[in-house]
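In what follows, a single structure is set out as structure tokens and then discussed.
Here the chain labels run A, B, C and D in written order, and each chain numbers its own residues starting at 1.
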Amino acid sequence: MDFNLNLILGQMVLGLVNGAFYAILSLGLSIIFGLLGVINFAHGVFFMLGAFAAYMLSEVFGIGYWPALILVPLMIGALGVVVEVTLIRSLYKLDHLYGLLLTLGLAFAIEGLIRIVFGPQGLPYSIPDSLRGAINLGFMFLPYYRAWVVIAGIILCLSVWLVIERTPLGAKLRAATDNPQMVQAFGINVPVMLTLTYAAGVALAGIGGVMAAPIMSVDPAMGTNIVIVVFAVVVIGGMGSIFGSILTGLALGLLEGFTKAVFAEASSTVIFVVMVIVLIARPRGLFGKMA
Amino acid sequence: MLDIADLDAWYGESHVLHGLNMQVPDGKVVSLLGRNGAGKTTTMRTIMGLMGKVRGRLSYEGTDLLKLRPDQVARKGIALCPEDRAIFPSLSVHENLMLPPIIAQGGMSVEHIYELFPNIKERSSSRGTQLSGGEQQMLAIARILRTGAKFLLLDEPTEGLAPVIVQQISRTLAEIKEMGYTILLVEQNAHFVQGIADIHYLIENGHIVDRLEAGEFEKNIAKVDKLLGL
Amino acid sequence: MTLADMKQMTPSHPMAETALHPLGFSRARFILFVVTALAVVIAPFVLYPIFLMKIYCFIIFAVAYNLLLGYTGLMSFGHAAFWGMGAYLTAYSAANWGFGFEAALLTGTVTGAALGLIFGLVAIRRTGLYFAMITLALAQMVYFICLQSPFTGGEDGVQGVPRGSLLGLVDLNNDWNLYWLVGTILLGTIILSNRVVHSPFGQVLRAIRNNPARAKSLGYNVDRYKLCAFVMSAALAGFAGGLKAIIFQIATLTDVSTVASTEAVLITLVGGIGTIFGPAVGSIIVLSLEHYLAPFGPWVMFTQGVVFVFFVLVFRKGLLGEFQSYFKTSL
Amino acid sequence: MKRSTKFVAAAVAALVAASAAQAEVTIGYLGALTGAQADMTGEAALHATRMAIADFGGEVNGEPIEVLVADHAGKPDLGLATAREWVDAEGVNLILNVDNSAVALAVSDLIKDKNVTMAMGASSSRLINESCGPHQIMLLLDNGTLARAVTLPQLEAGAKDWYFITVDYALGHDLEAQATKAIEANGGTVKGSVVHSPQATDFSSFLLQAQSSGATNIALATFGAWQNAIAKQAQEFGVQQSLSPFYLADTDIKSAGLDTLQNVTGTIQFYWDENDATRAFSDRFREDFGRPPTFTNAYHYEFTTHYLKAIEATGGTDADAIQAWMRDNPMALINGDTATIREDGAVVRDVLSYRTKTLAESTGDWDFLEITGKVDGESIAQPLADSACPLVASN
């Protein structure tokens, strides 16, 4: 174990790339959980579908990365609408655990389907031409594309946060998270709001998938692999906390990178260790409001 | 006019309203008096479409409300100010005020509301739940005045408030009544409703036990007090 | 409706009735038990015994899981840790420390219990979704630790586990000997689970499940009871995992991965949450599905997902749960 | 889509076969049909096996030859359970492919005293040493041999400092250990190593580690999809060190793109464009499968043919007799050479050394390698005298 500063910095920058994905995914999970009370186990699958959608757009229609970044979230959002209306909606009156079981089953079914159709292998998706190349940071070569993921990811998360905290639309969302019945009694169509919120949450995962496609290979298991870490991020940040999930996602990405540099063997465990410590010291999570 | 006939409603397994009958004519203030657990709040919730299992007739301006979702009921011009005031803790006072969408022409302007409730203006950037109980009550009433709803359901607006605040609310209601709103006022405070309501309904065990015109209220006050357990 | 509400609707059984029938079973359950016992005796002449033993291990695993979910109302997503670590330690102690069958299995069981205690201390105060998420994350941590620790053999697993012999007398390398032993253990586990559920301890657990506040006001230390149930469930899961490691002579990362946890959930859901024989029915269905769809690769995953969704949407009580409502008796 | 339908069809065929009357010879094809190496071997090698059976006439000694197919998915528990069921319940005579060292080790234990042959695409050197078996044949070069074949020429050329990216499989660990031995014995140093999990898709942090280690060569003790991802990401991160793959199949170059893998040197057991014989075989293979055969596909054809000849010659399915015949008779290879099977199960054959072409040199879609020479099999094989295999006569 040698403490090479360049390596530490480099790994932390790469950690931030992962952190951006953690943030995007846990943000969507938090929004959905806050309003619907559903832990969306299918979240990883929507992330994966985002990557596959980008792949298909490029293979079948020759549509590139930039349009995909707009089109894919719309497609995934539309799928989210269908899923919420046909499946999830019927469970709101039941124990929240059923929502978890349903979305878990959904995740299996969708991932299985993708494996049946596309096979288990990872499919290639190339970096957009405009982001090829790398910048020499002195301590590392940072590919432009990864830098873009970090910056775009952070901007995306902060914009979502601003919309929720600072706009009338966000006020409705927050109000409905506090007290959905009352919001509905004011003439706001809450069922539609739930549907759209679910759609927006999974659309975020879809954007994440497009952004991940050139980095990770487009692979049926890519969602499952990342989502369990994201669940830990959500538990650490505090379930349902919007800002907490963004900050925790990025911070844990950094921490993971740091661990890779100084004690690589622990890098996949470190987030879970942090989770246990947080649970013991502060059971509701770092930013969680409810106990 | 709101017309309720033979209304039954349930909370899960427990049967709360038993054949409730009452009418609220347009432009009138109607009080619904009864003890805790008599079914007052349930009546309000049923009108709003917030109860799961309901049977009977419930029509407003000729529309069957029982077929509607709460948001559709609200779109008919009915607005609820619930017992717990339901100020949203995650929203600022201003956001709380602006949350209910405008559903019809003729609602109060924000300026007018601020005139009526100066405290709300002062504290508009605070969190909703940082307000005092009285201020929260004002806010809860103010935000439904903005929407253009013509039929207000006020659930125990005076509960737990200091007499001076109660007086202020009383004045406000009088003003609102002047403007031609229809109000269904649920109360346990007979004194409070006496000066405001045109018609009084007494409710016990989920059904109406008496209906009093404003003029008859005074001489039946003993009966009312007994009903309210005073 | 909560999970607890649903379970309340299942009829409860007066102790007097259960006393009338052998082995502590109610009449309906006794019939089912006899059917199960007959099936255990006949099945190996028709089906591949190793596959049957795998099913039996999963039944025991699901019984352990159901003890927690069905009778205590806690949904764990971390049972893979107990099952997998039970398998690892059983396998490791048999392969490397020269432990015999009984000692190795005991090692696995104790491992499950110890891990259950650790998980329990962190998670037990939480309920519902929080409990599920925390157990999931803890199990994932265990998975990564197993991935990194040299003792698990990484992706290779602990291989070449000797089966040993029962009490030094019966050679378990003979599949038939092993089969009769595992079959007996299975039946014993079912009897035991029925006893536990109807014991005073089990009654308290159900009281806690149905109304924790009330149980607390009656003076029960709710957290301690829950922790106790959790450790018990973890120990039995560790035992089942150890048994599987002996049968297949291998313990691997598969056992400690999320897949094993979801399998326990799926089996319990399909069979019927909070039923004594649900785990058996669920295991047979889920594992057969897996076994016979295995040649079709990803169809296994797809089908499992569809089964999950289907049962959550229309068959929430599980097969035996539905039968139970229909016949108005506990199964 | 096409691939999976084909897979399903194969599986259905396998099921039907299983339920048919017990065939004289049953071959259980236990391979990675999913996962990193599926592209190189998977269904392609199954196809090669079927080609060999068809070329043999579809039957041996007047009895039909059945093929069962299962995916071990790189999981030893799954592989072992399948093999056990095949041996116990299906009467399998040959377990073929087994292209995962952990699975092979597990199955090796299982078949020790059973009348079953295992021909494996696993390469852990344990499998021809401590864990060798009387009915066991290693179709790949073992890791020790492979490690020497790949590292020695480069060490001679002056590449002294190595860094390993290793898959967390028995294969990866063994390959790293063997290569480290070879490197250190020949004046090189190993600057460090990192283990990647089979779930990994992003290797950037490993490459960063390798970059900052100061090594001249990054040895890829991994294969398939992982290797492709590493090659691509190395290009993305401007990694200057040479990549030294151990298993580089045509399919890998196709998938990673030749641009990421130009001028890589190594050794390989078979290349489709070596001579007229290989080209003729490859044309036939390609006609049905859509691409030329990889080296693993080739040795499935070669071995299956050899095995069927042994059954024909011995007139039965006694694994001892078959093994003896296969050892005593040279195995014909597609390129016209022959190979021999030793007591420890190793297949000794000459291997090709290659250099990957540059984009400019490559003429088309599968033109990737320039064959630069042939290495004598005996010269690189582990000397039998050094074998820890108890079956070797001298031990």
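Convention: contacts are C-beta pairs under 8 Å (C-beta built on N, C-alpha and C of every residue); 3 or more make two chains touch, one makes a residue touch a chain.
Since we're looking at a predicted model, the values are computed, not measured.
Novice: Can you name the chains that touch chain A as well as chain C?
Specialist: Both-contact set = D.
Novice: Imagine the assembly minus chain A, everything else where it sits, and name the touching groups.
Specialist: B | C, D
Novice: Measuring between Cα centroids, which chain is at the maximum distance from chain C?
Specialist: Farthest from chain C by mean C-alpha position: B.
Novice: Hey, which chain is the most central one here, using CA centres?
Specialist: Centre-most chain by C-alpha means: A.
Novice: In whole angstrom, what separates the CA-based centres of chain B and chain D?
Specialist: About 79 Å separates the centre of chain B from that of chain D.
Novice: Where the centres are mean C-alpha positions, what is the separation of chain A from chain D, in Å?
Specialist: 38
Novice: Could you give the separation in Å between the centres of chain A and chain B, each centre being the mean of its C-alpha atoms?
Specialist: 43
Novice: Using the average of all C-alpha atoms in each chain as its centre, how far is it in Å between chain B and chain C?
Specialist: Whole-Å distance between the two chain centres: 54.
Novice: Going by the touch rule set out above, which residues of chain C reach two or more other chains?
Specialist: Counting only residues that touch two or more other chains, chain C contributes 147, 297-298.
Novice: Counting only residues that touch at least two other chains, what does the list for chain A look like?
Specialist: 115-116, 120, 268
Novice: Write out all the pairs of touching chains, ordered by chain label.
Specialist: Applying the touch criterion to every chain pair yields A-B, A-C, A-D, C-D.
Novice: With touch defined as at the start, can you tell me which chain B residues reach chain A in the complex?
Specialist: Going by the criterion above, the answer is residues 48-50, 69-71, 73-75, 79-80, 82, 86, 88-91, 95-96, 98-101, 103, 144, 147.
Novice: With touch defined as at the start, can you tell me which chain D residues reach chain C in the complex?
Specialist: Touching chain C: residues 4, 7-8, 11-12, 14-15, 33-34, 69-71, 74-78, 80-81, 84-85, 88-89, 101-102, 105-106, 109, 168-170, 173, 195, 197-198 of chain D.
Novice: Touching residues of chain A toward chain D in the complex: what are they?
Specialist: Per the touch definition, chain A meets chain D at residues 4, 6-7, 10-11, 14-15, 17-18, 115-122, 124, 127, 134, 140-141, 143, 145-146, 215-217, 219, 221-222, 225, 257, 260-261, 264, 268.
Novice: If you look only at chain A, which of its residues touch chain C in the complex?
Specialist: Going through chain A, the ones touching chain C are 39, 87, 90-91, 93-98, 100-102, 104-113, 115-116, 120, 220, 228-229, 231-232, 234-235, 239, 265-266, 268-269, 272-273, 275-276, 279-280, 283.
Novice: With touch defined as at the start, can you tell me which chain C residues reach chain A in the complex?
Specialist: The contact residues of chain C facing chain A are 1-4, 6, 75, 122-123, 125-126, 128-130, 132-134, 136-138, 140-141, 144-145, 147-148, 258, 262, 265, 269, 297-313, 316.
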